[in-house]
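What follows is a set of structures for review.
In what follows, chain A forms one complex with chain B and a second complex with chain C.
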Partner chain A sequence: MEGLLQLLFNGLSVGAVYSLFALGYTLVFSVLGVINFAHGAIFTMGAYFTYLLIGGAVGANGLLAGLQFPFALPFWLALPLAGIAAATVALVVERIAFRPLRDRGSDPLLALITSLGAGVILVNLIQLLVGAESYSIPVGTLGSLPAALSIAGAKVRTVQVMLLAISGLLLAALSIWINGSRSGKALQAVSEDPVTAQLLGINSARVIQIAFGISGFLAGMAGGLVGLSISIAGPYFGIGYGLKGLGVLVLGGLGSVPGAVLGGLIIGLAEACVPADLSGYKDAVSFGFLFLVLLIRPQGLLGRPQANKV
Partner chain B sequence: MDAGLLEQMLLGALLGLSVYLPLRCGQLSLATPGFFAIGGTVAALLSTRVPALAGSGSTYPITSVLLEMALAALLTGVLALGLGRVVLRLRGIYLAIATIALVEILRVVTLNLEFTGGALGIFGIPQPFNSAAGYAAFTLALLALICWLCDRLEKTRPGRAMAAIRDDELAAASQGINTADTKLLAFVLSALVAGITGVVAAHFLNSWNAKLGNFDASITTLAFVVFGGSRTWLGPVFGGLLLTALPELLRPVGDLRLIVFGAVILVGPLFFPQGVITPELFKWFKPRIGGITTAAAQGVKQ
Partner chain C sequence: MLRSGGLTPAPMKRRLASSLGALLSAAAALSACQGSEDQGPVNLSKGVPVGAVLALTGNANVYGQDQKIGIELSLAAFNGAGGVNGKPLSLSIEDGGSAEPSANAAVSLQINRGILALIGPTLSQQSFSAGPIAQRRGVPLVAPSNTATGIPEIGYFISRVSAQSSVIAPLSIAKALQLNPGIRRAAVFYAQDDAYSTAETVIFQQALTAKGLKPVTVQRTQLNDQDFQSQITAALNQKPDLVVLSLQAMDGGNLIRQLRELGYRGVIVVGNGMNTPNIYPICQKYCDGILIAQAYSPELQTPANQRFTAAFAAAQARNPKVSPIPPQLTAQAYTAMQVIGEALARLDRRQPLKGLPLAQARKALMAEILGGTYQTPLGEIRFTPEGEVIQKNFFVAQVRMNAGGKSGRFSLLP
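After this line comes the complex of A and B, so read on.
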């Protein structure tokens, strides 16, 4: 029983991060119909921002060697600030990699390449500035909180509980925003039909910016949380999550917010269920799932089927 | 120029052609590195485990390399035939993601299997050529052959059917084109090119591991085609040659080279949405290059 509970916790806390990640993809996909390949790099930036804001020092290998902010913020404050910084980066990516293509009326698929270019720039910029070594957020960051909790006999790391709680909070806030606010409804309208939305007086360009901003904020927070719970393995560590996020995205259904959440949790749980002696194959689980779902239900679990338009 | 770099550029051009084939048919498949990895693994396994192939000379016989190519082509072709039937029912971004999934599954499996050498891979792949120049000459011949075949394809019925599907799949189907078979043909040809390229790359690199067929490779090869242009075979060849050479040519700028590389793929599509090389470019050049005869021929046509 304890083992099962432990498994559930491990799976859900990893799955929650995947959900946050995939939600960022989904927000952009729903308004633009393309995937932002720089999303993984934005997630990585969020992790580094968090590390710096809590007072971490840069190692010896980058241009910024030895840099350390004169202040050390508590984690609860550093994390959202890192999210805001990541959102700013996402807005810059939108400005340089997405908007010029839209202004010229180019094929939307080209954004795959331009956003990839932006991602390559970001990742290598990180490497140039802070070096390729891994950073870990120190254990004492959470203040007086214990390192692990005991819930119904199962030992659970405090970080995992936090991960789950913060992700849950963000997901709830996001769905309230989408369904309850004016700008959230504008987002839904643009994802339905950008031209009609524009005719009805919705500022599509603004809505797209909002989608990128929120997507970057979620990615940055997810990056900080993963940095805290595992470590920051180097400038490239977002790429693996980026790929998993794609799997989650399609499993749930492209452009579907509840789908992204469900997909993330399913894949997190499925990975947690892979026995230890087969752990090498863990990374194949999400893609195996994805492949099967695409073949049986191409629109994903909660997505709408594609229409065959003339 | 350094022959080693030239060889890498030629391999890049071949991989560009492999991505171009389905894309010219309107299918965004990112499976190329997967088939490339299969080709490389086949070559690595056969040349290091089968003594009969090694021959008696000091260098590894070319005939054995050709045999490996044939086997790699057979394996990737059969695999693509089976997988293509299934994945090509998907469209657009869904197809792209499904093929990314395929590549990742293949990579993870290669990484964990015993006989493919796990994470370390396979070392000491025998050398059929003593110098990089030998490889470059061999690969250049291979590239020329495949370019010629692509050129033939573009001018014949199946190739035109592919272009028609790219423009409008429903309209093509209504004109009697068997869209499923045509798309499958493009997918299988793409796999064959990637598999054969993998064989050459494995010998050239001397060792082979799972990392060579990863997601990064999917995206860089796609960048070759989008940058160079996907409407004629010259586009991916140009993109493959240039973008493979670029990080090396930028070596003088040191740490900034990958940042500049990123900037090139970021800016390229803005200025060349159709890729740098388009069929219109030839129309514009032809009267000048071909002289009076082509200009006159065009005049007659008009």
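After this line comes the complex of A and C, so read on.
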């Protein structure tokens, strides 16, 4: 029982990060039908913003070497502010990498390339400004909270529990917004059919901006939380999560918000189930699992079949 | 039955054939051009050309930054002392990233520039990939930090100043058991996709077995892993009192932090991958107490080391947040540059570089490198005919973090 609980904690704590990451992908995919490959870079920026806002100093490399804000915010305040800053970056990405193509009626698939380009530019910009070295959010950032919790004999790091809780809260808030607000319903309408939504008086461009803003906010929050849990391993920090997030997006069902959460948790649990002596193969196991699921259910776990796809 | 190319229309086939022909011609022209460049004289117009390929970006950038400082200090010292008989060394540094393709590209680029010798790449994994390129092109390559078994064996032109794991890794195990004779259960972690880690863990496990400690668990990770909750909880179930890590700085630092946060209080021995002060910001206060074998001591009282430590302290004085005590990787990189510089000076005296064909100069330089004895910050070093470093002094250090856990030092154990 204790072992099962430990496995559950291990899987959920990792899966929560994947879910949070994939939610951002999902929001953009739901309105545009394309994947925003700059999402990983925005996630990385969220981690760096959080680090700087809590009073972290830039190291010896980069144009901003030695920079340190004259204030140090508590983590609880720095995290949402980093989310807002990341949302701003996401809006800029939408403006320069997606909107010009959309305005010209280009094939949506071209946006894959422009977003990939935007992501590469952002990653290199980070490197230019703050260097390639790693940064860490100080261990005592959570104040007097214990480093780990023991629940019924299973051990889990406090930061992982927090990550799980915040992911859950963000998901709940997102669900309430999508289903209970006017703008959320507009998002659903645009995701169903942007042209019809436009004819019905919905400002599709505005809805797309909102989706990018929220997606960036989630990425920024996720980056800050992961940065707290582990160190920020340089400008390429988000790339690994980007790949895993894509897997989660597909497993859950393209464009499905609950699917992104479910997919993330399942991939996390699949990884946790890998026996200890095969732990180095956990990526292969989780993607193998994804492959099998897609063979049986190509639309993903909670996605809808698309009969008219060409 | 489908024939090969049966689905390709004839005009397309012709286009393909002509494109392929053009490509092959271009490749042949390039390779001829490359060959002729190697046959031309050494270009001394901007100094004596040498190069370095370091991991300045990616996960291994924490090593590359240390190495860059060492190489630049060594270059300044060598040129300040007259260079290659009055001619300064001209150094170009290329970022080899933290992966094999980027290292291969950087090594090829440096060789095509006409450098006489190359320092790098940073990781053993990269050297196994890029080393054969230098070997094929006949360019002396001095590895400053590769410790995996088999690096000098890549070929005649490959040597290293970093002692291999089999020499230094067992020292830290012996010291851990000497300090804690009650240790009975060892857990081992290593990155299964990294040449350095896989080579070093074998040495560690052999050292443990030789001391009667068969590992109770061996946990495999991957180089880019950052979350180790599953592996750690599986290992902690075996109740180890010694944990031995063969990991790079980034993943190793994160693993140590998570290991301590999850309640492990026993001894931790780490391998050469964590031999850098850049681990301090990663594992922070949890770095305290880890044991590590080193091939360099800042306390070594030799003129060469005193010059090096003084130069390092002076260079770091500009940044008060950085320790004035040089780390091993910086000392080894300094040594690699020194070895190349001194060998070039000897060669130039024996056979002036001016007018010497590049390929011939590179070959003669390799013989000089292997034949020399060097008074370096690492102590006196020489090379075996295969290019393996022969070094006398090794140490075991314990990391001591300052209050607050933001900085620390490698404190040598007696």
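Basically, the second predicted complex is superposed on the first by the 308 of 310 C-alpha atoms of A that agree within 3 Å, B and C clash if a C-alpha of one lies under 4 Å from a C-alpha of the other, contacts with A are read in each partner's own complex, and residues count from 1 in each chain.
Criterion: contacts are C-beta pairs under 8 Å (C-beta built on N, C-alpha and C of every residue); 3 or more make two chains touch, one makes a residue touch a chain.
Predicted, not measured: the structure shown is a model, and the values here were computed from it.
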In the overlaid three-chain picture, which partner chain does A:256 touch, first (chain B) or second (chain C), both, or neither? neither
Would you check which partner chain A:191 touches, where first means chain B only, second means chain C only, and both and neither mean what they say? neither
Does the superposition put A:116 against chain B (first), chain C (second), both, or neither? first
Does the superposition put A:283 against chain B (first), chain C (second), both, or neither? both
Is A:6 contacted by the first partner chain B, the second partner chain C, both or neither? second
Which of chain B and chain C A:26 touches, first, second, both or neither: neither
Check the residue A:34 against both partner chains and state whether it touches chain B (first), chain C (second), both, or neither. first
Under the contact rule defined above, give the chain A residues that sit at the interface with chain B and also at the interface with chain C. 127, 280-281, 283
Residues of chain B touching chain A in their complex? 28, 86-87, 89-94, 96-98, 100-102, 104-105, 108-109, 111-112, 170, 215-216, 219, 222-223, 226-227, 255-256, 258-259, 261-270, 273
Chain A touches which residues of chain C in the complex? 56-59, 61-62, 65, 191-193, 217-222, 224, 226-227, 229-231, 233-237, 250, 253-254, 257-258, 260-263, 278, 281-282, 284-286, 319, 321-322, 405-406
For the complex, which residues does chain A have touching chain C? 3, 6-7, 9-10, 13-14, 17, 57, 60-61, 66, 127, 132-136, 138-139, 147-148, 154-157, 160, 226, 229-231, 233-236, 240, 271-272, 274, 276-283
State the interface residues of chain A toward chain B in the complex, per the touch definition above. 33-35, 37, 96-97, 100-101, 104, 106-107, 109-110, 112-114, 116-121, 124-125, 127-128, 239, 243, 246-247, 249-250, 254, 280-281, 283-284, 287-288, 290-291, 294-295, 298, 306, 308, 310
